[in-house]
Amino acid sequence: MISPFLGVLFDGFAYGMLLFLLSVGLSVTLGTMNFVNLAHCSFAMLGGYVTVMVTQRFEWPFLAALPVAFLSAAVASVVLERTLYRRLYRASDLDQCLLTIGIVFISVAGAAYLFGTTQQPIQTPPYLRGSVTLGGVNLGVYRLFLIGTALAITLVLVAGLEHTRFGAQVRAAVDSQRMARGLGIDVDRAFAITFALGSGLAGLGGALAIEIVGLDPAFAFTYLVYVLIVVSVGGLGSIGGSFAAATVLGVSDVAGKYYIPELGAFLIYLVMIGLLTWRPAGLFGRR
Amino acid sequence: MSAPVLSTRRLDKSFGSLVVAKDIDLSLPRGVRYALIGPNGAGKTTLINLIAGVLQPDAGRIVLGEEDVTRLEPEQRVKRGLVRTFQINTLFPNLSALESVTLAVCERRGVAGTWWRGLTGYREEVDEAYDILSSLTLGAVCYQPTRELAYGQQRLLEIALALATKPRVLLLDEPAAGVPRDESTGLFAAIAGLSQELTVLFIEHDMNVVFRFASRVIVMVGGRILVEGEPSEIAADPRVREGYLGGARHG
Amino acid sequence: MTSTAPAIGDPHRCLRAQARWRGIEVAFWLATPLPFLLLPSHLQLASHIAITALFTLSLDLILGYAGIVSLGHAAFFGLGAYAAGLVSKAGWGEPLTGLAIASAVAGLVGYATSAIIARTRHLALIMITLGLGLLLHEGANAAHWLTGGADGLQGVRMWPLLGRFRFDLYGYTAYAYSLVVLFLMFLVTRRLIHSPFGLSLRGIRENAIRMPAIGTPIRSRIRAVYTISAVIAGIAGALLAQTTETVSLATLDFQRSAEVLVILILGGAGRLYGGLIGAIVFMVARDQFSGINPQYWYFWIGALLVSVVMFLPNGILGGLAQFRPLSRRAGVPAALGQRAPGWRASGILEGIAQLTSSRRDKSS
Amino acid sequence: MRRTLVALGIFAAALLAALPANAQQAIKIGLIMPYSGQFADTATQMDNAIKLYMKQRGDTVAGRKIEVIRKDTGGVAPDVAKRLAQELIVRDNVDLLAGFILTPNALAVGDVSAEAKKFMVVMNAATAIITTKSPYMARTSVTIPQLTETFGTWARKNGMGQVYTMVSDYGPGHDAEQSFQRGFKEAGGQVIGSVRFPVANPDFSAFIQRAKDLNPEAIFVFVPGGVQPAAIGKALAERGIDPKKTKVLGMGELTEDEARKSMGDASLGILTVYHYDHNHDSALNRAFVKAFNEAYGRNPNIYSIGGYDGMHLIYEALKKTGGKTDGESLIAAAKGMGWESPRGPISIDAETRDIVQTVYIRRVEKVGGQLLNVEFDKIENVKDPVKARMKK
């Protein structure tokens, strides 16, 4: 009886890591720049489509496609940041919502126009398929890969924020923009890079998500809700928070479906409401 | 002196290891003008937050008249006549001064919850609000959105809002904060002019103002009451001298 | 008009001036019956616009006036729709009673949930409204026996309105019905905005910290307005169910919640007419775009939203209001387009703002 | 003042839009489909087939031009669908309504068809009861029981003793579950368990683990087409469920082209039931698939065939009525009409106005290095069992 439990735990964790990759970027941009970027999942979707294109049309290996997904999303986000977002940093958050929702609409229509409305097929390389059995627990290889990637990224991010000069600048900028500026930190640049980084991660998440949840133009909408849930439960601007939240939500979602399927659809929302009423600022929230 | 209108018994409050209030015993009789002085970080504002109910004390009681209000919500204390103002303007930027005060009056008269009757139907409330504003020389500007008022006028509006609730005890947190000295005297003249029924506790750094307007003075240091007494006694008190007045930073 | 402050000593004139009906408002409402004459073939659309406008109005009440951002408002719309639908399915197809029952149901649930709403703020509040909405959606899907699940509620049949007017193919009855209800609800809302209660709501939105200090029990006010808003949303939902004789999970959809939010922001929140203008612009644009380009009309809607944000900050009315600086002086939120700029709903940013301000408090 | 202008401007815009395309003697078909949103692709595929048919057969029938007006419901939205139908009739005065991917929308528009006495052709929506909503309605797609109940019986007859069913928790899913179980039980089989997963369900692994724990002889799966087939197929493989040992049964969606592509060899051996596959072996179909690929660079699917046959029904009915477009004559003409479709012989049941067709059992096999749905068994002239029972 223990092995299925571990299996569930594993699947849940893997799913959680997927959510984490998709949402950590938004959490950071929201927490640092206070910018309500509902178009976050559009960057994820972009990453997904780039991956499909690169692997299908140019027949690159899957792994080589991932960095491309990251970069393309990052670049796209910088372009948007320069052209549109920057003008709205001071605007009301409602205006920011409206702008970014508008961008989601455009991206959805754009994806449908460019790539068609079909489900995008993705062929992961053989060595990422199937599953291995460890101590009676059946582990999907791809999920192992997913978890590995997510963990690696978390480490890099945390280390980056804690131990690099840039990280210090960002943290300073978060605490008090004015003071940071006073210290001669180029806050705008710091934010631009943070933003690109966050969107890049979303792009990577989108690329990795196809194998598990598929990809079509509706993606930018469908996953917005999940991402928002993770961000709010985790607490704004907290990488650790997003990580914890994603894990909790992923595991409870999968476990719920396994043990009480009747609650399958409800559980993730119940958990969210529960956690938020318990800690309105999120698990690792600063407020 | 008559029975105290407001009294506190052994109030304690600490944030983690930082003790911001310890064994605070106060007892304010009706009609007095109490000044609360002390160096920055002495816990003056914290004390006001405790009395007003913004903060819950870790221990101790707060008694208003006969009633223990220690566990009441801030708005419930206001209803009972225990009212405070803020050191930093805490107003309604896009409401006109008239609207703001009318709102406060309506709240006191318990009509602010009615949504089926137009505001214009409440002539008395509006008149009262207008009178309060005029009495504080704000009559002429009361139609402008608050954010367009001069800083000094906004400080007065702080008080006007408090008065509109017909307080028995008024807690003024640095009413003259940021107001140039010459103006601040006028502002305190207005405070001094308030009804003698009203008990006032105000935080102020400017000793001249304190000694001119306060009937009694409380000195706080490090979250404790150092000494309480007549202005003259305080001025004379050696502990206060070295502990505070000495290299005292005014304002 | 109100732009110049009245003579000193007459506060009543000023307040009355704020509550007074403006010519522009009258003109707007006089224009609403025009479709009967000019666009008889568009009455179904007009009816849907009126219903959407009513729904948006209900959201404006909590978002624009009490600063509660909700991403789950469709819950009440759907509740109203299902309530009305079930009443008719149960054999009682009389529209007005159905409307009443629906509003009651929505109101009850609204009041029940308002307890949580009044306790939370900022992102948590948004997400909890979202969560509740999604839960209800899943619940309706699961309760197949009652709601018909994903197939939608079958067998909704309305009796003629007032026993005389049946809901016709052209939508004469539908639009007349929706429009009248919208107007009545608008009158109620308008009165509410200009009442002491409305003033206290604006107070909460302007400065939630000060309100307790002047004796306002914020939570009970929020619960009250949230319930009223739920009632109105429920009525909107019921109208849709009755005029179309269809009820489906779509009425509870997250999309619907998001859409009504978009419509409100598009029109301009906290302006009473923002929701109405937003509904007209959005629905007409959508009808036209999707007619011209059924597959990619999303693109054009998106472009519309982006350009509005770029050129008309704070929504269409908010943006237009900029061009009439005088109107700001009066600071009358109720009148069309009038509300001082720089205002923001208690959203995520608000949280940060609160943070810094509280910091300052401590450093005294 | 500006605001009045805005308001009036908007009304003016609406007014201009309203001016009805001056009614020439064209026959107008109103197509109501979810062109945008998560069902966009099904609409696209159906629309492609409709365009193809009109290209092949010309756009004039019985001397009258055929004009198509397309309306988007944006997904499941019966209220919108109904409004669009009403507007198509009063605004664009169309002669007949067609399309309908989604059951709720079709049901809602059924009322309009009945009230306005307009011929209505359902080209996909597959819930059994739809056609009962209007006497002027015919269907050229399929009904879920038609497939799954037949499949249940077939599965039992072909030696499967006990089965576990897993379906999406919504109308069609319930239909599939119930009718499959019914067919299977009535043939003497045993259902050892069943689960319904939420429609919006990103991760299937947990549910599949449940099924695996019981280790049944066969698992019947139903998920809506689109994202999910591939996802669940992969999850099955990942959980180590081997179609060769545990039989995996499903409706055709499960092994659609995209699904097979992304599942890869994991899809080998999955058994599905369907009424059409572009791999179906007949001259007519080869021609159809060829033309479709030339036009749109992809294979047709069931939505395409539904649209294609739907247009055929409309064209033939119009020929029969000599261009008369009132609901009575058109539905009368449609009743009992039969023809050879790329999917095989089909006909419109004279009583139920629903489709009668051949149901195919297929297995995913590698043919020339390509994964295909290979038909290896079929049941002919299958009517919708639900309505058959209604009559009793």
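Observations, loosely collected:
As written, the chains take the letters A, B, C and D, and residue 1 is the first residue of each chain.
As a working rule, a contact is a pair of C-beta atoms (placed from the backbone, for glycine too) under 8 Å apart; a residue touches a chain by one contact, two chains touch by 3 or more.
Note that the coordinates shown come from a computational prediction; the quantities given were computed from them, not determined experimentally.
Here the chain at the heart of the structure, going by C-alpha means, is C. With centres computed as the average of Cα coordinates, no chain lies farther from subunit D than B. Computed centre separation for the pair subunit A/subunit B is 49 angstrom, with centres defined by C-alpha atoms.
The centroid of the Cα atoms in subunit B and the matching centroid in subunit C are 40 Å apart.
The geometric centre of subunit A is 32 Å away from that of subunit C, both derived from CA atoms. The distance from the centre of subunit B to the centre of subunit D, with each centre set as the mean of the Cα atoms, comes to 73 Å.
Among all residues of subunit C, those that touch two or more other chains are 138, 141-142, 255, 295-298, 343. Looking at subunit D, one finds that residues 36, 40, 43-44, 169, 198 touch two or more other chains. Residues of subunit B in contact with at least two other chains: none.
Here the chains touching each other pair up as A-C, A-D, B-C, C-D.
Chain contact summary for the complex, subunit D toward subunit A: residues 36-38, 40-41, 43-44, 169, 195-198, 200-203, 205-207, 209-210, 213, 226-228, 230-231, 234, 237-240, 258-259, 261-262, 264, 266, 298.
Of all residues in subunit A, only 4, 7-8, 11-12, 15, 109, 112, 116-123, 129-131, 138, 140, 142-143, 211-218, 222, 226, 253-255, 257-258, 261, 264-265 touch subunit D in the complex they form. Every residue of subunit B that touches subunit C in the complex is listed here, in rising order: 40, 44-45, 52-54, 73-75, 78-79, 83-88, 90-96, 98-100, 102-104, 106-108, 111-120, 122-123, 125-127, 129-130, 139-140, 142-145, 147, 161-162, 164-165, 173-174.
Those residues of subunit C that touch subunit D in the complex are listed here as 24, 27-28, 31, 34-35, 38-39, 41-42, 44-45, 48, 138, 141-142, 144, 148-152, 154, 169-171, 240, 244-251, 255, 273, 277, 280-281, 284, 287-288, 290-291, 294-298, 316-317, 320, 323-324, 336-337. Residues 69, 116, 119-124, 126-128, 130-132, 134-135, 138-139, 141-142, 254-255, 258, 261-262, 265-266, 269, 295-299, 301-306, 308-310, 313-315, 343-345, 347-352, 354-355 of subunit C are the ones touching subunit A in the complex.
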